[in-house]
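Have a look at the structure that comes next, please.
By written order: A, B, C and D. Residues from 1 in each chain.
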Amino acid sequence: MTEQAPIFILLFPFLTAVIVALVGLRHKSLSWPLTLVSLGASVCASLSTLAQVVEHGPIRYKLGGWSPPFGIEFHIDGLSALVAVTVSVVALLTAIYSKDNVDAETPDKSSQYYSLFLLLVSGLLGIVITGDAFNLYVMLEVAALTSYALIAMGNKRASLAAFKYLIMGTIGASFYLLGVGYLYIKTGSLNMLDIREILETAGLFNSPTILVAFILITVGVWIKMAFFPLHSWLPNCYAFAPTTSSNIMAPLVTKVMIYVMVRMVLTVFGPNYAFEILDWENIVVWLAVIAILAGSIGALAQKDLRKMLTFLIIAEVGYMVGGLWLADETGITGTIFHIISDAFMTLCVFLFAGIVFAKTGARDIYALEGMFKKMPLTMVGFLVGAFSLIGIPPTAGFFSKWYLVQGGINSGNWEYVVALLISSLINAVLFFRLIEIAYFGKKPAEGHDHHHGDDHAKVSEASFTMLLPLLSTAAILIVIGLYNKELVSVIQDFLSQFNLATSIR
Amino acid sequence: MELLQSIADSFNYWIYIILMMIGLYALVAKNNLVKKLIGMSIFQTAIILFYVSIGYKDGATIPILYEHQAHHGHHDAGHGDAEDAHHDVEHAVEEAAKEIHAVAEDHADGHDAHADDHDTLVDSHDAHTSSAIHAEDFANPLVHVLMLTAIVVGVATLGVGLAITQKLYGEFGSIEESEIIEQIRTGK
Amino acid sequence: MIWIFDLIILVFLVITAIISLQVKDLLSAAMILGVYSFLMCLLWSGMGAVDVAFTEAAVGAGVSAVFLISTVLRTSRRSSD
Amino acid sequence: MKILGIITVIITGFLLLQAERDFPDWGDAASPASDNRLSQHYITETINETRVSNMVTAVLADYRGYDTMFETVVIFTAGIAIIGILRVYGPSTKLEHPEPTLDTEKPDLIIETTCRLLIPIIQLFALYVIAHGHYSPGGGFQGGVIFGAAFILLALARDLQTAQKWVPENRVLNLAAIGIFIYAGHGVLSLIFGENFLDYSILTKVLPGDAIDARYHSMLGVEIGVAFTVTAIMFSIYSNLASNGKMEEGI
């Protein structure tokens, strides 16, 4: 059965989504257990796939039994397996968490909600494991359509945010589709590995069409991942969406898009083309520096807890885009490591924000007042996530940032290193402000006093289904930190095929 | 007339860019939400036009085999003596296909693809018997398949966009983006 | 001679696209988008993409026009631009 | 916004025009996209490998069947998404902004009679399109959309309630789900028999004929699944949009 594991990663959430849509109409209570079971199975399948990849190298799974360029294949190497595990684990944790929220926020439509949730997860998993450039577009649209709906099911402002996201998302996806078309007109193939081979054998690297294809695909993916000048859709979307929606989308959607960027740059176009023939590293790294600083400064200006966290996502996207374009093996290792650790630490702080919102009904950061006394366990989980975002060892965030900084030093991009350190400093300021409010119960200036009093007296420790995912995420962050050597060796196995510059360019 | 025709030929690629830019402009600049969605429709259709243009070949027909070309179209186990004939034709088709394979692979290897193009065409014409299927006689079916998917994705996105528009109208009483933003700003 | 038709259709495509975006009445805009889709479908069938043309005729000119019209009737018919 | 739009358009347009010079001639049969083993294989080998004379159907439902399955899922997603966004359950609540009132007259006799004549013909044509997709343009999507359009026409000509009698909301969702189950069922069956997902050739164990026949027949089955989903979801989207999610009266 293990050789069929790749398809099961996707098949469980996808088929269960349909079953939930069908059964959930009559038996609402069944939706949640079904979701959990399917995601649990998906986690098992992806772990088994990862084990196989680590042991035997990349898997090529032929769908429909057709050999690759003619049919569609799954191409699963170390990178896809790691990201697939991340996606399925994050989805499982969010699903456990979602029980109370979904019943409270979308009472009539819980079956549709879970169905869309599972479809989003299967779309993201499909993006991660596919080896076909056009199939990636289809999965991109599955994930995108569900995200629009999951956001639009929120409050009044969420609808407008969702509409903007729909417009931006469609432009991004269409650019990607057009880019694939430009690749196809020159290579005549859609399979990623096949495209790469034809590009190399036919010597197409000087063709303007390929250049435009590269630009279109990169810009399309940048729009989808909210890279700085193209980020305008993101903050409102994630801040006003239903809690569970932002919990699943904030960690996953942007990270999976970064995966797509890494995949396109390394596997389809090849580092040789992206980094040596084009030679744009400096421009893109500077853009990333601007993104990091803009995201961090934007976060400083926010009083709304979730909105502050969304700006941190923009900064983190800057880390990873910059890290890839450092064109250095350590830097790219850091980028891939950061995809994983950032998914978990974003999940951690968003779960915390969701718990605070559910318990106090308040959005702004002063709602945290006195939380250490009222919900000690929740705060422990939050502390781990915050330390990871700041980059304090032994959490995962420290190690991924360490590799990014190391890459920046190796390739001589000091501006990137400085931006990263400034951003970490700002993160520290932000989170210690929160911790201060939560610990000392610092009274805010007048105008905020409607938040304490009756509201807070009732606040107690979060329920088990909310606490378990938060604490597991915190535990995972520490475990990733402790086992960082093993993780890095998997990533470096994957990167060894590309002959990247290791120290000095 | 010749000049006009040559314009008409490259016109296709230009028109798709023009249509796409019209759609993109509407997506970014229009204020009315329904207008934005109409722009989105135009934008996506323009991309489909581009793909279909890739698959077009001069003098080629639709990618469906006619009855006399598709001897195996109707598989009928009852006809014993027809089977032999089928096998012969099948054989010929396979041979032809193998050659096309070989030619295509040569092509992929050769750096100077354009120089051999003419020879290739002549070669494959000579090599095949009249019953074989020539790749250059049919439009490229792959892009058609891809574009069926793209059309379906387009209508799905349009539907979701319209649903969000209706929800916004229920909440704000307007489908003009600037008015909605104004309401959010003053409402706070 | 077929290219003359192609040329005419291409010109009409641009015209319908611009009109459907410029007209202030959204109901007309939806109708003209249907015309645009139908012209596109003609063009594609000329290029040998019959399946795509068929789908566009059913989806683009048929169903999505109905979707647009039902939304326009359920919301507002006037557009500021 | 206008300036931003113009800037975006100019940059993108310039970029696209740059590549246009590099494209192969329009309609050139020897362009890399057409003169590649991929497209040639589809043209020359389809008839041998699947016995389907419409190459588009064969590539759609077999070679790239996985794509098509998720294309169906896109439609299904859109349906569920629109229900999730728009549907209002229970008695209609007072909206902050009332929707425009529509003049709903009694149905016109001519329209009603014409529709009564037309709808069966449309449905018959839709079935033909679905079933004959192997030999002529058409297939599950087109047929499904046309079939859905027949119900939409019914709802337009009479009213939404009449059409709802034929296809109530729950039945619509059931049909959509059944369609996907039919499609994915082919895949799961081939998994059970020990082959890769969607490898129809192993289905000889349940279908008549040899491996190629199994492909041929499975493609028909798959198209029927697609048609179920598309029909149901097209009607569902229409009824939600037309009634503003209340499923009471249409336009």
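General observations
As a working rule, contacts are C-beta pairs under 8 Å (C-beta built on N, C-alpha and C of every residue); 3 or more make two chains touch, one makes a residue touch a chain.
All values reported here derive from a predicted model rather than from experimental measurement.
When the C-beta contacts at A-B and at B-D are tallied, the pair with the greater total is B-D.
Chain B has its Cα centroid 32 Å from the Cα centroid of chain A. We define each chain's centre as the mean of its Cα atoms; on that basis chain B and chain D are separated by 17 Å. Averaged C-alpha coordinates put the centre of chain A at 38 Å from the centre of chain C.
If you average the CA atoms of chain C and of chain D, the two centres end up 19 Å from each other. Contacts with at least two other chains are made by residues 134, 138, 141, 145, 148-149, 152, 184-185, 190, 202 of chain A. Among the residues of chain C, those in touch with two or more other chains are 50-51, 55, 59, 63, 67, 71, 74-76. Residue positions of chain B touching 2 or more other chains, listed in rising order: 9, 12, 24, 31, 53-57, 60, 62-64, 108, 113, 138, 142-144, 148-149, 152-153, 155-157, 159-160, 162-167, 169, 171-172.
By the definition of touch given earlier, these chain pairs are in contact: A-B, A-D, B-C, B-D, C-D. Interface residues of chain C, counted against chain B in their complex, comprise 3-4, 6-7, 10, 13-14, 17-18, 20-21, 26, 29-30, 33, 36-37, 40, 43-44, 47-52, 55-56, 59-60, 63-64, 67-68, 71-72, 74-76, 79-81.
Across the complex, chain B meets chain C through its residues 4-5, 8-9, 11-12, 15, 18-19, 22-23, 26, 30-32, 34-35, 37-39, 41-42, 45, 48-49, 52-53, 55-57, 60-64, 138-139, 143-144, 147-148, 151-152, 154-155, 158-159, 162, 165-166, 169, 174-176.
By the touch criterion stated above, chain A contacts chain B in their complex at residues 134, 138, 141, 144-145, 148-149, 152, 156-157, 159-160, 162-163, 166-167, 170-171, 174, 177-178, 181, 184-185, 190, 198, 201-203. Interface of chain D with chain C (complex): residues 54, 56-57, 99-100, 102, 137-139, 141-142, 145-146, 148-149, 152, 156, 234, 237-238, 241-242, 244, 250-251. Chain contact summary for the complex, chain C toward chain D: residues 50-51, 53-55, 58-59, 62-63, 66-67, 69-71, 73-77.
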